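By written order: A, B, C and D. Residues from 1 in each chain.
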Amino acid sequence: MMRLNIGTIGNVVVRYRLLVMLAAVAVFGGWTLDDFLTLTTLQSILDRAAVVGFLALGLTPILIAGQIDLSIGSIMSLAAYATIALQPDLGNVPAAFIGLGVGILAGVVNALAVVVFKVTSLVATLATLLIGASLALLISNGQPASSADPLFGLFLTDNFLAILTPRSVLFIGAALLMFVWLKGTPSGRNLYAVGSSMPAAISAGINVNGYIAGVFVLSGFCAGAAGVIQALSSATGSPIAGSVLLIPAITAVVIGGTRLEGGRGSSLATLGGVVALGALTTLSEYNGVPSYTQAVYTGLILILLITLDRIAGGDEGKTTRTLRSAAVAKQTQQGGTS
Amino acid sequence: MSLVKSDPNPGPAPAGTLTAGSVLSVLSIPLAIVALMVLGSFVSPSFLTARNLVNILNAYSAVGLAAIGSTFVAVCGGLADLSIPANVAMGALVALGAQTLVGPVAAALLGILVASLGGLVNGVLIGYVRINPIIVTLGSGFLLLGLSQLLVGGGIVYSEPSAFGSFVAGNLLGVPVAVWTFFVVALILHIVLSRTPFGRWNFAVGGNYEASAASAVPVRFTRAAAFVLTGLLSGMCGVLIALSIGQARPIIGAGYEFVAISAVVLGGTSLFGGRGSILRTVGGVIILALISNLIVLIGLPTPSTGLATGTIILLVVAVDAYLRRRTGAE
Amino acid sequence: MTIRRNFLIGAALSALAVAVAGPAAAASVEGKSICYITAANSHFYVTPTNEGAQAAADAAGVELTIVSEEFSPQTGADQLNSCVSRKVDGILLWPLDANSYLPGLLKAKQAGIPVVAIDTTAGEESMKLIASFVGADKYGQGQISAKQMGEALGGEGDIIILAGQAGNNTTIMRTDGFLADKPDGINVLATVNADFDQQKALVASRDLITKFGDQIDGVYAEDDAMAAGFLQALEESGLDIKPVVLGIGGMKMAFDAINAGQMSSTIMQPPFENGRLAIETLTKVMAGETVDAVVPLENTVVTKDNIGDYEPAF
Amino acid sequence: MVQDVDHGIALQMSAISKSFPGVKALDGVNLTVRKGEVHAIVGENGAGKSTLMKILAGFYHPDRGSIEVMGTPIGVMNPREARDLGIGMIYQELNLVPDLTVAENISLGAMPRRGPFVDYRSLAANAKAVLKELDADIDVGTRVGNLSLSQQQLVEIAKVVSRNPSIVVFDEPTSSLGDKETRILFNVIKRMRESGIAILYISHRLQEVMEIGDRVTVLRDGSNIETRDVAGITPDEMVRLMVGRDLTEMFPKLDLSIGDPVLSVTSLGRAHQFEDITLDVRAGEIVGLAGLVGSGRTEVARAIFGLDPAESGEIRVRGKAVRIRSPREGVSAGIALVPEDRKREGIVPDLPVRENFTLPLIGRITRFFLILAGRERATVQAFADRLNLNPPRIERPMGTFSGGNQQKVVLGKWLLAKPEVLILDEPTRGVDVGAKADIHRIIGEFAESGGAVLMISSELSELLAVCDRIFVLHEGSMVAEIPRQSATEESVMRAATGQVYA
């Protein structure tokens, strides 16, 4: 009897609530608008999910490991700027790879701060959030770089199989790949162990520091990918491209059902969270609902969902566990004495 | 009959003994302030003038109030309050918007009250329902900021001229009222945190929630109260700014949550609870104020502030973490 | 680093390529749908613009859906795509940067949906796909301010610039326009980003006054709120100087300051008017009429001399 | 009764020394463990047991000395290498991942693969095989977080056993187990011994050492004092070796005059935990509350104090009905509870001893909202001295003290609150012999001064020695009240396992 473990009630509930959200959006959209329930609407929702989706995907393993990364927005801005600004000197494709490289590099910096210098991830990435945003503006002198070859990245938002676009394919593909990694491979399972119980992971000989460093690099890479995709599809490298996307990304991951305390979560849940939020936004926009009203009910949904989760799940108030990163310094030190 | 031996595990240097580490960790903030001030006096002859020093404090007094609230939140293990901008906006908008209805003083109090209610929502959900503070304040931030925009629909709310308004915007004995407010509040709340049972409860709850509950500490109340306090202080922050510039907009407190957290962290307070002090947060606020002042005086581009602040946070916290590991504390 | 800046010149050039879309005959646009991608829902300047657009739409009997970019061009680009997929009859776009909207504009072109830009121009390539631009000439505002400053200071003096958000298109235009026409004798002591925020301008100005003191001969504030912030800092400092303070926007506080003699001038940029004009232009395009590539909002300089003739824009 | 298997040397630790800044934790310790033996290690807290085991597990590196495993000398090793060498550790605190399944936990760190993926089929098969070997009936697909404590311990053991270890260290394995679970554990240990595994067994419970151990090594002050066959040693001798002198009586029982009822509980109930609990404790009396783990004894204690309030029934203190829905109300009713899990519920490790001490009653040393610092310090210092706090430094963070001293502070903070009723849940668990005596003395003094004591302990011998009466719980119901005269291990156990009254 094979079980894709953790497939217990918790996950069922999580998936169920996303379906409820999507169904509600579909019903309400179909009822209020006659052009809502179309394939193009779906295509538009999925397409718009791609960029914030990559950020949210990068955040997922981070949260599973019990860490947090606030710097993803800033990393995305840096990557987006590099992708366009370097085009004239390096060519379009190499510049895009440099964009990804910038993301990875920033992830390495976070990893160093957390793993080597033992700064808790909340504080470390707050600092790199400030530094990254500042660097992007300083390097660019506050001016977005416009691509000299604006048609190069346009294919990313082209129609593909009626409901997809190349960039939404990339996002969905990445989410599926991450799902297989997290649920199906030893390293994925070990990551849950790191986030759920660090002492147990250490005593099982799992290289906890390695995993934590790894997820930060991965998150940097994902933020870089988000930046590259954003930059190419809009032919603009804006130094503030990612600054507004941190909060939506966190919201999507949390609504998806990944726990902030570590040990639980899934990239499919994140995919669902991003799409559900995107659908809600699209529905609101089609109805001309002002952004602040959207903010009001996004906040309500967030609080309501998490309260329901808390009451139904009865996670016995693990507030003391808060973010596990508090324990990183202590635990990893113990495990890694040389 | 003393049969028990002391623990052989590498204990930390007992509190009260002086080690290089403990001295450094106590003096790090004053040292940083002095270093920045020395730098400032080299950079600009006008740095060490009374007016500039007052300006430095004045600039960060209002947001400093939110940082003081955040210290309570951090000490009791509540991580951070991300709804600060929303409560600042609420306080500011109500304080100006209600002036014509109830008069300036009552309006200001009403603004603070409304912001405290925002804090109460956070407090109930975090303290009593026990939901993760980051998620709660993220959600309530959305909610309250959205409501505040709904309230004014995007316009600017102007202040009616009033004696109270000009008093708040003005000086008292040569020092801006905002600065007085910040230091008086800081002093009172320093005493509250370090000398009263409520303060003690915050440390206990942040240090070990279960043990505090088992020691008859009102754990839920304590955590809720920390968030109510932060809401209240955010409201005061909004009121101060609104009255001093004579207008208010919903974006009035944008980014203040990060400023507040930065000040708390710079002060060496752990966001995970059990450790911290208001005086150190005040130090953190002063450091942030000095950085932004120096950036202008040196003539660096404005965005450099983030680079400097972020780097200093990393440095301070990494050194602090290193010292703690060396002395074995934590 | 080669960054192309989108000057109004770009828009002017594309005036030749006036787009004509929609059925040629239909004179009435009643019952048609317009998607208005605006910069924000809740903003002291944008909101009245939106109200102007809504009023014009109501008058013309078109159905207006307002979506807000929340000042993020990425969001706007996505919204543009989404509006095109909905097959609306016309799009009014508030561009927040040069290139981001290009993909959506191409799709709109393919779908035969006319697009009009409001308030800000987009990049050269983008403007080729846009039927008309309705808004103030922000680059021009910078140029006018430079000229004003030059005249007021007799072509020589030290000034500070209070700029908007770094990276923001309006900031870039107003700064670049100013620097392009600034007389050589005018020396910029410092440029500070105060994010169009009075409080931030106040704080920054205190520091600038501390640093430069009576060196400051002039202040170019890229909007009136920041000018007000500077004036407040100046008053606090008790410094006995009277620099030339220029603002932009025609806000109430600027009118007060000009009347009080603290501020030299502001440039009117009436938001409601802008929104109304933009929708009127768009409906003309939709009805098959030919419109100018640029429908300018006149840059009226308000000084002590002519202040009686105008009302604050907002 | 050593089994007749290969008795080669499994582990040889020679002249191991280890110092920490300011402390010499181990000083030339020698330890030889044979294959197929249960080798007990006893010693007071601080004798060096934990340090020695952490060296064996690769967490610490000895300053001097050598280690040989199965005849091979071992150099510097990290925890992973130690594990690969066949050294398995089972700690007092379980090292499991609550969010992963039983099967995943058992193979954690070494999951079977098929290509790059986890081979879930053999993962489950491995887990089932190991659990069967241990005679444990646990579904391998369950999340570990959903298991009971003793099931979790079995999973922990299965995790270690699945790696075919040659040496397994048990560190206080029974401290959170009831008698029944302890029996199961001992059976498992015996099986492991039979299969030739060398077992190191660390415990404060000397009775257990007598029962399960083959040989015993006594550590004191970082040195090994003696290694003896268990067959040739008595618990008293062990204690003497551990503390360096005789401890006249381990559980001194004072005969006190018993007064009026102080605490009377009638028909107390709480859904799914316990029902219809009626008991009373009189002044000067020490009453035991016995029962297996999960019988509801801890829950009853918590309910009386208000931590998890009762849903029905009545509590009276000195005849007056009181309503207790929170610990604060419990405290004002004159009740104090020393909780079961000291680390989790007893201490705030970062706060100094002084602040831990005054936590429940900080309001009482306050004037105009301000804490009277001088009075606080003086009161606490005086009390700490009375409790033999060692070292007597009340400004040191609580977390830096040994378990026994932490427990003294927990006890002391409640005595300082001057309660009428003192409820103690496992007050001497994980506490060494010396501190245990101190704690018993303190409890005795409290009763002597007219206080009422309700005490829970898994160590029956402790209850029998200390208590005037013993109430026995079974599956959430009160099944027996046994007076001191007729209380024996048998009578209490029979009741606790549900063999008396229908």
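Quick note on the criterion: a residue touches a chain if its C-beta (ideal position, glycine included) is under 8 Å from a C-beta of that chain, and two chains touch if they have at least 3 such contacts.
This is a predicted model, so every value here is computed, not measured.
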Touching both chain A and chain D (chains): B
Interchain centroid distance [CA atoms averaged], chain B/chain D, Å: 42
Between chain A and chain B, centroid-to-centroid distance (C-alpha), Å: 29
Whole-Å separation of chain centres (CA-atom averages), chain A against chain C: 34
Geometric centre distance via CA averages, chain C-chain B, whole Å: 36
Contacts with two or more other chains, residues of chain B listed in rising order: 149, 208, 210, 301, 303, 330
Multi-partner residues of chain A (at least 2 other chains): 137, 142, 290, 292
Junction residues of chain C, two or more chains touched: 40-42, 166, 193
Chain-chain contacts as defined at top: A-B, A-C, A-D, B-C, B-D
Residues of chain A that touch chain B when the two form their complex: 68, 113, 117-120, 122-124, 126-135, 137-138, 141-142, 247, 250-251, 254, 260-261, 290, 292-296, 298-300, 302-303, 306-307, 310-311, 317, 319-320, 322-323, 326, 329-330, 333
Contact set on chain D toward chain A in their complex: 59-61, 78-80, 83-84, 89, 91, 93-101, 103-105, 108-111, 113, 116-118, 120-121, 124, 141, 143, 159
Complex interface listing, chain A residues touching chain D: 1-6, 8, 180, 184-186, 188-190, 192-193, 195-197, 199-206, 263-264, 334-335, 337-338
Chain C to chain B touching residues, read off their complex: 40-44, 46-48, 50, 166, 190-194, 197-199, 202-204, 206-208, 210-211, 213, 225, 228-229, 232, 237, 252-253, 314
Residue ranges of chain B in contact with chain D within the complex: 1-12, 14-16, 191-192, 195-197, 200-201, 203-204, 207-208, 210-218, 274-275, 328-330
